[in-house]
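Letters A, B, C, D, E and F name the chains as they come in the text, with residue numbers starting at 1 for each one.
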Amino acid sequence: MQLNTPSSPHIHSGDQLSQLMQRVLWALLPAITLYVVFFGWGIIVNILIAVLAALTFEAIALRLRKRPLGSNLGDFSAVLTAVLLALALPPLAPWWLLVVAVFFAIVFAKHLYGGLGFNPFNPAMIGYVVVLISFPREVTTWLPPEAISGESISFVGALSATLTGTLANGINPDAISMATPLDHLKTQLTQNHVISEIIHDNTIFGQLAGSGWEWINLAFLVGGCWLIYKKVIHWHIPVAMLASLALIAGVFWLIDSERYASPLFHLLSGGAMLGAFFIATDPVTASTTNRGRILFGIGIGILVYIIRSWGGYPEGVAFAVLLMNMLAPTLDYYTQPRVFGRGRNS
Amino acid sequence: MSNTSYRDIAEQGLWQNNVAFVQLLGLCPLLAVSNNTINGLGLGLATLLVLLCSNLTVSLIRYWVRPEVRVPVFVMIIASFVTAIDLLMSAFMHDLHKILGIFIPLIVTNCAIIARAEAFASKNSPGYALWDGLMMGLGFMAVLVVLGALRELLGQGTLFDQAHLMFGSGAAWLTITLFDDYQGFLLAILPPGAFIGLGLLIAAKNWLDQSKRKRTEATLATSNPDPLRLHPDQS
Amino acid sequence: MIRQLFQYKGGVKLPEHKQQSTRLPIQKAALPQRLTLPLQQHIGTPSTPIVEVGDSVLKGQMIAKAASLISAPVHAPTSGRVIEIGEYAIPHPSGLKAPCIVIETDGNDAWCDHRKPVGDCHDYSPDQIRDYIRNAGVVGLGGAGFPSFLKLTLGNDRVVETLILNGAECEPYITCDDILMRERPLEIIKGLMIMKHALVAKNCVIGIEDNKPEAAAALRGAIKELAVEVEVIEVPTRYPTGGEKQLIKILTGKEIPPKALPIEKRVVVHNVGTAAAVYRAICLGEPLISRITTVTGALKKPANYEIPFGISAAELLAQAGVEESSVERIIHGGPMMGFSLNSVEIPLIKTSNCLLVTDKKTVPLLDKQQAHACIRCGSCADVCPINLLPQQLYWHSRAKDFDKVQDYNLFDCIECGCCDYVCPSQIPLVQYFRFAKTSIWQAEQEKKQAELAKERHQFRQLRIEREKAEKKARHKAKAAKVAANNSENSDKKQAIEDAMARVKAKKQQAAEASPEKPESGGNT
Amino acid sequence: MIVRQILITGAILGGFAIIGSTLVAVTYEATEERIEQAHREALLRSLHELVPHERCDNDLYHDVIEVTDKALLGSHKPTRVYRARKSGEPVAALFTSIAPNGYGGAIKLLVAINYDGSLAGVRVLQHHETPGLGDDIEAQRSDWILSFNNHSLSTLSSEQWRVEKDGGVFDQFTGATITPRAIVKAVHHTLKYFQQHREMIFNTPSMPREVESRE
Amino acid sequence: MTEYLLILVSTVLVNNFVLVKFLGLCPFMGVSRKLETATGMALATTFVLTLSSVCSYLINTYLLIPFGLEFLRTIAFILVIAALVQFTEMVVHKTSPLLYQVLGIFLPLITTNCAVLGVALLIIQEEMTFLQSAIYGFGAAVGFSLVLILFSAIRERIAVADVPEIFRGAPIALITAGFMSLAFMGFSGLVKG
Amino acid sequence: MLTAIIILTLLATVFGLILGYAAIRFKVEGDPIVDQIDNVLPQTQCGQCSYPGCRPYAEAIASGEANINQCPPGGEATMLALADLLGVDPQPLGTEHEAEPEATVAFIIEDTCIGCTLCIQACPVDAILGAAKQMHTVIESECTGCELCIPPCPVDCIVMQPVKQTAQNWKWPYPIHTLEARK
C-alpha cells in the first residue's frame, strides 16, 4: 500500500482564498451599478483597464520571481486591487494614469515584498497616493453626476476619452470636469464661506452628501454589510472607523455647523464607505487582532477627519489607511488577546 | 589592515563597501539634495573635499588622541574643515550654497566621514588614508550624482538643470531637456521618491553583483551552485 | 438541578460521520498470531521488560514493569510465548521504531492466576485502589495515555470538587466512547464510583455532546439502576469540546491556566473508557490489555472493535474489510488530531482509539501542498479555542523565529487543528507549530549539551594549564637543584620563583573567574 | 595622577580647538567680504530682473525702507520696500509683499511697481503650493506670472482684478484656482497700498543697512 | 499655547525630521532592525536631541552672538553635541549595562546623527525663543522616535517576508521608508507655513 | 579673530576636562557582549572557525576581527542568532557548509583500537575514556562531534556516526509549500 502521510488535521472546511476575494468583488457590484447610473460608463472602462494592467503586471512579476502563475493569478487578489484602485480614481482619467497606479500597486507595493500576504501597505492605496501626488491635476478632476452636467457618457465615449483623451462630439469638456463635493467644500471653506451658503449655492451637494455620491456610498454600505454577514470581513474595523468619524464630526458640527460639515456628510461623501468596508479591511495590511482592529478603525476615522478638515488634501481615506498600516504591526503586538487560562498581561 | 593595497581600497570605496550603497551612511544629504544632478554634484564635491582633509589630518594625529576624547577631536577637525568649506562656498558659489542650505554644515554629521576617520584613517598611514578618502568620497559622489540624475530625469525630464549655479552662467548650455512637454513624474523629486530611488539603485547593485557571482560560479562549475538561502522554503 | 453551562471561545462545527461505525455493536477482534507490544504505550518513561525471549506468558501477566513514577506496566493480552524483544515500528508520526515485546499467541487465551477482584472498593483505602490501578497498567484512554493512577492522586491538601467523565468524543468519525457508553454503561458508572472514592470527590459529572442521545440515555439508566448521584450533562456539539480544559470550562466555568493541572482548580477529568478500565481492574482484576477502537472510513465493515493490544493495524483492517487498492491514507486517531501512518505494519496500543481509512471518494481530503500565502484574514484566530493568534504563530514559525513564536505562546497551542481546518489558504498550520515546538525542544537539548561541553572544555583547559605548571615547577626544581650547587644565593632565587609561580596561579584563577579576559579562552 | 589625566584630556581637546578655530577664523577673515558681496549681488540680481540696470542708477541694496500694513501687504511683520531711482528721480518701488491665503499657506512675492502705478513685474520668492498644480506661478515653470506686466489700477477695474472664474481677466489653472486667486488679490492690494502711500515711500530715508547681515 | 502645539504637530507629523526633512537617516536605517533596539535608540536620541537643542540655544545667544562669532556656530554646536553624547555614553555604560548593550555601537552614532546638529542649526535659522527651541527639539525627537519605532516594527515583519533576493535588506527597507514618507505626505498642509 | 580662538578653546577645554573626569569616574571593565556571543556558539570547540575554541572566536567577533559566518557546526542557525544579537545583517555561509550539518558523534571501532591515547589528547571536552594500551571508548552523550580526534588516530579506528533518532528526539519536518517553491 502506498500511503500518503501529511500532518493532521486531515479534513478541511473547503473555504478557499479565491472564493473569499470573489465575494468581495460581488459585494462591490451594487455600488458599481449605481456608479454607472449616476456617472456613466467611465468607471467600467477604468475597471477594465486596471484589471488588464493588474493581471499583466502580476504575471510578469510572478514570472520574474519564478513563482507558479496558475494558482497565483487565479486567486483574484490582483483583480480586487485593480477594481478598488479603479474605483478610487476619477472616471475618464487617462489610461496611463491607471497603468502607473496599478504598476506601483502590484509591483512595488505587493511583489517587492513577496507578493500576496506579505505587503505591509495597502497596494491599492499606494497606487492611488503615488498618482495623487505625482499628477494631482488629473486625479482631482472628477466628473459631475450626469444629472448635473446634462451629458451622458456612453461606453464608447468613455473608452475614447480614456485612451485618446478626446471627448465625443458635443460634449463640453468644462461640463465634465469638476471638483468632488469634499474638494469643493474644502476650497470654499478656505475662502471663508460658510457651509449653509456653500451647500445652498451648489447642486453638487445633493440631498444628503453629494448628488450621486450619497447613493453610491449607501450601496457600498449594503455590500459591506453582506460581507460581514458572510464572515468575509469582521465588523470591528468598519464600525470603529465610521463611528469614530461620525463622533468627531458630530462634536465639531455641534460646536460650529457653519465651519464643520455634518457627520452624515462625512459618512456619505468621498471614500468613507468604500474605505471602511473594502479598503481598511484589507486583511493583509490591517491589524489582525480584534482589539487591534478596533484601534485601527478608530485611528483611520480620526485621521480621515483631521486630514479632511485641516489638512492639504480634501479626502484623507487613502492617507489614513496607509498611516494606520504603518501602525498595524505594533498594534498587533500589543493587542494580543488574552490566552485561554492566562491573565491578561501574561 | 596592514596588507591593504591601493587597488583594494579603490574597489572597496567605489563599489564593494560603498558608503551610500553598502554602509548606508551619509544618507541624509544623499536623499535630501539629490533631487537634481547639479545639487548632487555640488554636495558630493564638498563632501569629498572634507573627507580628504579629515582623513589626512586624522591619520597624521592618530597617535596623539586618547580614546575618551577621540570622537570630540575627530568631530572638531571635521567641523573646522566643513565650516571653512561652507564659508568658501558661500563666497564663491553663493546660489548653490543657498540651495544646499543646511546640508553643507551638516556634512559634519555625515556619518560616513567620521566612520572613515574611526575605521580607517585612525589606523592607517596618511597615504592610505588620503587614498581611502578619495575613493570613498568619489564613491559617495557617484551615488549622489546618479541618484540626482535619475530623479531629475524622471521628475522633470531634464538633466543638469541649473548648471550655471555651479559652473557659472556660461554653463547654462549643459542643461539637457529630454522631453519638451514632459509633465514630470513628481514622485521622483518628492521625499518618497528619494527613498524609493535609492532602494532601487541598491537593488540594481545587488543584481549586478548577483549576476556576476552567478557567472563566476558557472565558470567554476561548482557542484553546489546554490548561494545562501536564509529561508529554506525558497529553495 | 439545572446546571449553567459556560462557553469557551472558538471551536468549529464539523461534519460528524459517526453513524457509519455505530450501526454494528462492538465486535471482538479475532486473535492474531503475533502481538507486538511497544514498551511505551503511555506518556512517560518506557517500561522495563521483565520477561525474556522464550518465556511463556499467560493472559494478564505483567511482561514489563513501570520504570518510574510516570510510567505504566504492560501486560500480556493473551497467552503465548515471547519470541523477540526488539525494535519495531510503533504508532508515532515519525514512523520510527522503538523497543517492543513480541508474543506468539497460542490461541488458548488462558488467564494467569493474578486475577484478584476487589469486591467492594469501599473496603479499600484510596491508596490501595491507586496501587491496583497502577499495577493494572491503566492509562488514559482519551488519547494522551497519561498513567491514570496519577490523576487519581490527590496532592497535599487538595480537594476535588468535581470529577468529570469526558464522554464528549468531539472528533468526527470516532465512536469508541459512544458505543461503550451505550453498551456498557454500568461498567462506566461503577468505574466512576471507584474513581470518586479514590479522589474523595464531591460531585461527579459526565459530559456528553448532544449528538449522542442514546449514550446519555444509557448512562442515565445505569445511574438510576445503581442509585448513585451522578449528573449526565449534554453539552453542545462543537469541536474541541472533548479537550480537557474546554470541557472543564463548559461544565464549571473554570479556566485551567497553561501548564497548570486541572486538580489545581479542584477538577479532575477522566475519559469514560478509562472509567470502564478502572472498573475492570478493580472489580474484575483485569489489567488493561484491550480497548475499543473505532475502525471506520472507506471499509466494508466499519465498526468498533474490541482489540487486544499489539494487534497490527493490517490485521484489524483486514477484518474490517479494507480495499487496499483505493486506500489513500490511514489515520491513527481522528481526522483532526490523528496522524497518518506510513505503513500498516504497526501495532495498536492503549491510545489507539481509531483507525480511519480514507480514499478519494468517501473521505475526500485536501492536499495541503497546494497552500496559498497567509492573508492574515484572522479566520484561524476566530476559531482557536485557546485564543491564540495562529497567523502570527505561523508567520514566525515559517521564518523559524523561535523566540518570537514563543512570545505568541506557541506552547499553549493544543494542536487541535481548528485553525488549520478553516484557513482559506489551506496552510498546514499545525504542522508548522509542531515543527516549531519540536525544533525548540531540540534546540534546548542542544543548548544543554553545549553548556556541558563548555564546562568540560574549560575544565580540560584548566587541567592542561595545571599539568603544564606542574611540569614546569618540576623542571625548575630540578634546575634549581643543579644550580644550588654553583650558586649560594639560589635560596633567594628559589623564593622569588616560588612567589612568581604563586602570582601566576592567582592570575590564572582570576582569569577563570572573569571570563572576559582573552587568556581564559586559552590556546590549545 | 587622576587630575593629571583629566588635565591632559582637556589639553588635547583644547589644543585641537586652537588649531580648528584658527583655521576657521582665518578662512572667515578671508571670505567675509566676498560673502557679503555675493549676498548683495544675489539680491540685486533678482531686483534688477524686474527693474533693469538701464532704468535706475541708485544702489537698490541700500535704498530700502520697511513698512507695515496687515490688510494690504499681507503680513503684520514689516514688509521691505526697495526703491529704484534714476538721477535722484523715483522710478519704481519693489515690495516684498505676502499673499497670505495660498493653498499651502503664505506665498512670498516680489512686486515691482513703477512710479506711475503700473506694474513692472511680479515674481514669486517662496511658496508652499502643491507641486504640479499650484506651482505654475513660478516664472521658470510658466509665463503666467508675466501676465501682470504693465497692468495697474487704472487699466483694470476692481472687478477685473480677479481670476476669470470670478469674472476677472487673469487665467486660473485647471483644477487650481486658489493659488492664482491669492496672488491676484495680493498684487491688487499692493497696488492699492502703493497708490495710497506713494510719496511717503519715496521720501522716507533709507534704513541703516549694517545691522542685519546675511539672512 | 496653540503656538507650541503647532510646533509640536509640525515637527512630529507635518515636517517629520526623518521622512520629510531627511535628517537622522543613518540611525533610522541602522538601528531599526529590531523593535527593542529601536526603542532604546529612540529614548537616547530624545534625550540628547532635547538637551542639545537647549544647549545650542544657550551657547548661541549667550556666547556666540555677544562676541559676534556666528561663523563658529557649526563647530561650537558639534562640540557640545559630541561631548554631551560621549558623556551620556560613559554614564550609560557604567550605570545601565543593559541599556548600553541595547544601544551597543549606536550611541556614538548619535553624535553623527544629522538630526541633532540639524535641530540646533534650524533653531537658530528660524530665530526661535528658548521655549520654542526646547519644544522644537523635543518635537523633532518625538517625530524621530515615532517613525523609528513604527519602522522597526514593520521591518521585523518584512524581515521574514518572501522578498525577492536582490531587494532583501537595505533596498526593501528604503522602499518601505519611501512608502512611509508617502503616507506622511497626508499630513501636509496641516500646519500652514 | 582672537576672541574666536579663545572662546572655542575655552569651550573645548572645559568639555575635555569633563570628559576626562567622566572617563575615570565611569570606567567600565569587561565586556558582557563576549559572554553573550559565547552563549550562542555551539561549544563544539572544534576550531573550524580558525580560532582555538568557541570563546576565542566570540572574542574575535566582539572586537570586530571576525565575521559571524565562520562557525560550521553552528551553521545557519548560529549565524542568524549572532546577526540578531549584534544587530547586523546576516552573512552568507561559505558554500561548503551550506547544509544544516547533521549531528554526529565519534565511535571507536574497538577491535582496531591500539590504545595510543592520542585521541584523548585531541578531544577538547574529555569525552574519550581509556588508558594507555587499552581500548578506548567515546562517551556518546558528551561527544560534541567535532571530529578533532579523527586525524591523530594512527590506525583510523574512529568513525563519525549520526546521532540516533528516536521518537523522543524526532523533529517534525518543515512543511513543504508548492506555492513558494521555486523549482
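Everything below uses one rule, namely that a residue touches a chain if its C-beta (ideal position, glycine included) is under 8 Å from a C-beta of that chain, and two chains touch if they have at least 3 such contacts.
Because the structure is a prediction, the values reported are computed rather than measured.
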item: Starting at chain A, fewest touch steps before arriving at chain E; value: 1
item: Relative to chain D, chain with the most remote C-alpha centre; value: C
item: Centroid-based (C-alpha) most distant chain relative to chain B; value: C
item: Chain centroid nearest the full-protein CA centroid; value: E
item: Chain pair with more C-beta contacts, E-F versus B-F; value: E-F
item: Approximate Å spacing (C-alpha centroids) for the pair chain C, chain E; value: 54
item: Rounded Å distance, chain C centre to chain F centre (Cα mean); value: 35
item: Mean-CA-position distance for chain E and chain D (Å); value: 32
item: Per-residue multi-chain contacts in chain F, two or more chains; value: 4, 7-8, 11-12, 15-16, 19-20, 22-23, 32, 172, 174-175, 177-180, 182
item: Two or more partner chains touched - positions in chain D; value: 8-9, 12-13, 16-17, 20-21, 24, 28, 103-104, 131-132
item: Shared interface positions of chain A, touching two or more other chains; value: 7, 71, 108, 115, 118, 130, 133-136, 312
item: Touch list for chain E against partner chain D, complex; value: 71-72, 75, 79, 188-189, 192-193
item: In the complex with chain F, residue positions of chain E that touch it; value: 31, 33-34, 37, 59, 63, 67-69, 71-72, 75-76, 79-80, 83, 86-87, 90-91, 93-95, 97, 101, 104, 162, 169
item: In the complex with chain E, residue positions of chain A that touch it; value: 64-65, 108-109, 111-115, 118, 120-121, 126, 129-130, 133, 303, 306-307, 310-313, 316, 318-320, 322-323, 325-327, 329-330, 333
item: Of chain F, residues touching chain C in the complex; value: 29-32, 34-35, 38, 41-45, 47, 52-56, 58-59, 77, 124-127, 141-142, 144, 165-167, 169-180
item: Touching residues on chain F, where the partner in the complex is chain B; value: 12, 15-16, 19-20, 22-23, 76, 80, 90, 92-93, 95-96, 98, 174, 177, 180-183
